[in-house]
Amino acid sequence: MFGKKRVAIVGAGLTLFRRRLKETGKELSYEASKMALDAAGMELGDMQSVVMGTAPDAFDGVHMKGEYLADGAGAYRKPYTRVFVGGGTGVFTPLAGWWHVASGQFDSCLVVAEEKMSSCYPHPQFAFTTIFDPILERPLGMNLIWIFALEMHRYMHKHGIKKEDIARVSVKNKGNALDHPCAQLGAKITVEDVLNSEIMAWPVQRLDVSPTSDGASALVLVSEDVAKEVTDNPVWIDGAGWCIDSTHWTNRDLYYPDYVECAARMAYKMAGIKNPPKEIDVAEPYDPFDYKELHHMEGLLLCKKGEAAKLTAEGVTQRDGDLPINPSGGLLGVGNPIAAAGLMKVCEIFWQLRGEAGKRQIPGDPRTGLAQAWGDLMQYGSVIVLRR
Amino acid sequence: MSEKIKNYRGEALKSADIKEGRVPTEKCRPKAKFAWSAGIAIGRFLEELKKAKIIASTCSKCGRIMVPPRIYCENCFKPTDGWKYVKDTGTINTYSVSYLAADATRLKEPILVAIIDLDGASEGMGIIHKLGEVDKEKIEFGMKVRAVWKPKEERVGSITDIKYFKPVKEETP
Amino acid sequence: MSEVAIVGVGCVGFQPILPELSYKELMYEAAVKAYDDAGVDPRKDIDVFVTCAEDYLEGFSIFDEFVPDQLGAVLRHLFTVSGDGLLGLANAYMLIKTGHFDTVVLEAHSKASDLLTLMDVIAFALDPVLNRPLGGHPYYVAGMEMNRYLHDTCTTVEQCAQVVVKNKKNACGNPYAAYGANITLDQVLCSDMCFYPLKKLEISTPADGCVVMVLASEKVAEKLTDKPVWVKGVGWCTETPNLETRDWSKAVDTRLAAEMAYKTAKIHNPRKEIDLAEVNDLFAYKELQHMEALKLCAYGEAGKLTEEGVTARNGELPVNPSGGLLGMGYGLEASGTEKLLEVVLQLRGEAGRRQVSNVEVGLAHAWRGIPTTTGIAAVLSNVK
Amino acid sequence: MSLDKITNPMHVRHWLGDMEADYIYTLGVAGERFFKEIKENGKIMGAKCPRCNIIYVPPRMYCEKCFAKLEGWVDVGTRGVVHTFTVAKIDVDGKKLQKPEIYALIKFEGACGGLIHKIGETTPEKVKIGMKVDAVFKPSFERKASINDIKHFKPAE
């Protein structure tokens, strides 16, 4: 990393995640941003640039919603960019913030992610139908859950994994979320509960799925010089990776996310990580569905292909296990306001590395953490590696 | 954070608050209508569907036969340089039994949906479609299926000109 | 830090409608041209791809799903900027400046003809609680702004109309322009009043087209081309999305964006140091207002300069020699890249009969249109 | 370049569709209180930023300039001044309006911002920048906590 600038995270903020919140998207963005600034001990005036991450306009129901949200994100009269890579947006947004600072263009960047899915009425599901190809797919009456069901089924078939192996992820994450003050669906459930829950699109059942939510999250990013002034405890962004696969998702074998591996390799190379399972102390892979956590652990090279379910069964991925996965409770437990949920994962790693995660704190003085999000049509991976 | 912050912001509402008008709201349905140009590749694909045929485009560099067709090979970044009909039979790559309609309403009779790798196209070249004339318990990975086309007069040049795919009874060599 | 250069450009369009190509095919054709121009193979030579788009302008959610194949970006590093192409340039520029990336592709396009209800979609960008329930054509916002601008600056309606005459004439010499025309001041002044004092011919008409560019670090640029166009500085700014508290007379976003770009580019006297400017002219008055915000002249002076012919192609300060959006067509999120394309061609000396003589420094500017207050400015030069 | 092009106009094909769904928007914490005042009391309120010492109309939860939380609310009256206006002659479909609509930004004394609204009970020729206008509220039983609870603004006597 010789001659390249390092970027630190010095504050994080989060609103409640709930099915429906009274606040407008702007107000949610404000609450998260303000909390992140307060946590960093900084003012809006200290922020030289702002990056917004938010998923489809069809949720909030505002065209160009990045523009609409600008003042809530603190962008008044500031350089402001919205980046957007579907579900991958939440983890991608701080990557964009990273290059705002790492380029030397700015000394600070406020990174905000927001989603208000409840605006789409009666259910955001309808907005999801607009993510499909309008000519070849939408006429079939596609439901979003289908593509996950197809992928999950392929993954199970290829590796001979059973539903109960996957259900353990949901049990773990919803349990972890009981300790998260913002969580929407923290719960003590059993594998049987998952297996007995309503079948939505086999093999996907009700408790395999994260909810739809409203919420916002934020981070304060600063250059090395500023970091030294404002905190003794910065967390560094040492790896940034992102990758997209072909539009033709039905032309690929869905059992393995090559794009996540490609994104992870990019981030690991930047961070100088050679042996991910050994060097990563805590990870927050994207878990909008329980099988996705397993799928992504494999894509992130945290274990071998087809091995993630076994590690989960052995308790390796519990908070007190060798490789804690989603100690926050993930999307399954905390909730899934798309972009805000991705950034929530980065917030969690930030807090874990600082030892500020409260009841969720993993033991063993973690030094290196990772967050990852997935997006688009089984297609996008974004990865961030943080170090204390 | 966690320990220091006592009060996480956000005022949760219930669906009933909205339904029963306890919380004032503003409503809107946008007018957003489109006439997408189908273009060279998909335009041709739709025309062929109308004739009950499935057409692919081919790349002479990597030798792939690609369906749905495109005018560029995304791997070689070269223009595709040929067209080739593929069969209307294929194998089930993966499938789902869906009790959800597009708008998330619950269905009594499930929709059977699958990715079907088409015969005659390169390996793994699947399309998404529905399955019919099959018991949901009897669907299997790798099962051979065949397109059931709408009658000629009902075909308009659409992916729905194929009603669904159904199992091929006898394995023909 | 490495300097950043534009080393390849490709454009298809702009046309009122390109019905025979899908948006993907349109992007592919522009990309092929850009890669050919830069002499690169996107499958191995490009580090990052940036695409600029908004979902409702395309007709589906999560636009980047449908992008990688036609740009050669499959299993590579691509993302969307939900913004104008020039904002994409800003991000591409920063990526190279980090020192981690050497080559970035920038894409922006318009398939406006796919969208049957553009104005309804623009109205859908208004605040859903405070503004949208009033209904109406969203360009009333432009009428209100023009009215206040004329009121505060004493700019005349004739001066605004002169912008249309000039830009449509410039467009006649531009093969990429959709709406070139030889018209008179009276024709503009007598065209239908749409949103007093804004008239029909003063409003840019949408067009289809796509621009793809290849950017490279100093090290790579000098290997690839002997005509690099250097990005000397980029600035961007959002004033406020709130119609109630924005400035209705001055383009504050553009002023702040320009100040940022000029600072990086070390431009102290824009009027003197900039040889040509491509300025957003979605509405005729906007060219004048933006010239002032870009400090190409004093506040309230742009109308007079236009009348005097200073901004004509052969004038002392050519503004929109391409024909601008009034002449080329409103390319939605590609609007800024239309400007950028012209500046690059001019600085390379490849602008054909539009060529402005002795150009060294050019300015490209974009504004994101109604109802936003987001402006972006980029300073480019053929001298490092 | 692609090797095949469409050269026969009969082969140009379009696919029709939309991106339409129903949306419901909460007014937000500040918005709900603001519109309740309009609905119940026929009052237009502003929110004061204690740091910047400005009053936002419409009121907000936060100051966009400094991010202070805004808690002090003040009545700014129902008479304002036309900061700018336009006369829209066409509707969103581009069709000529039977009766042109006058849109304006109305600012209130001592406040930052104002309200975007329509001007009624006058003719376009009579509207001027700087003229004083009064809010005309719908009868209270018709109000729904919406910007349209104000029918329009009319020239002050």
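Letters A, B, C and D mark the chains as written, and numbering starts fresh at 1 in each.
Throughout what follows, a residue touches a chain if its C-beta (ideal position, glycine included) is under 8 Å from a C-beta of that chain, and two chains touch if they have at least 3 such contacts.
Given the structure is predicted, the values throughout are model-derived calculations rather than measurements.
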Chain B to chain C, fewest steps along touching chains: 1
Interface with more contacting C-beta pairs, comparing A-B to C-D: A-B
Whole-Å gap between the CA centroids of chain C and chain D: 28
For chain B paired with chain D, centre-to-centre distance based on mean C-alpha positions, whole Å: 42
Whole-Å separation of chain centres (CA-atom averages), chain A against chain C: 33
Chain C: positions in contact with at least two other chains: 19-20, 25, 28, 55-56, 59-61, 68-69, 74, 120-121, 123-124, 128-129, 133, 240, 242
Touching two or more other chains - residues of chain B: 11, 13, 18, 23, 26-28, 30-38, 40, 42-43, 46, 70-72, 74
Multi-chain contact residues (two or more partners), chain A: 20-24, 58, 61, 63, 71, 76, 119, 121, 126-127, 130, 134-135, 246, 248
Chain-level touch network, classified as line, ring, star, complete or other: complete
Of all residues in chain B, those that touch chain D in their complex: 11, 13, 18, 23-38, 40, 43, 46-47, 71-72, 79-81, 157
Of chain D, residues touching chain B in the complex: 1-6, 11-27, 29, 32, 35-36, 39, 144-146
Complex interface listing, chain D residues touching chain C: 1-2, 5-6, 12, 14, 17, 19, 23, 25, 27-28, 31, 56-58, 64, 83-94, 101, 103-105, 112-118, 124, 129, 146-148
Chain A-facing residues of chain C, complex: 1, 54-56, 59-69, 73-83, 87, 90-91, 93-100, 121-122, 124-125, 127-129, 235-242, 252-253, 256-257, 260, 264, 368, 371-372, 374
Chain D-touching residues of chain A, taken from the complex the two chains share: 20-24, 26-27, 30, 33-34, 37, 43-45, 58, 61, 71-72, 74, 76, 118-122, 126-127, 130, 134-135, 138
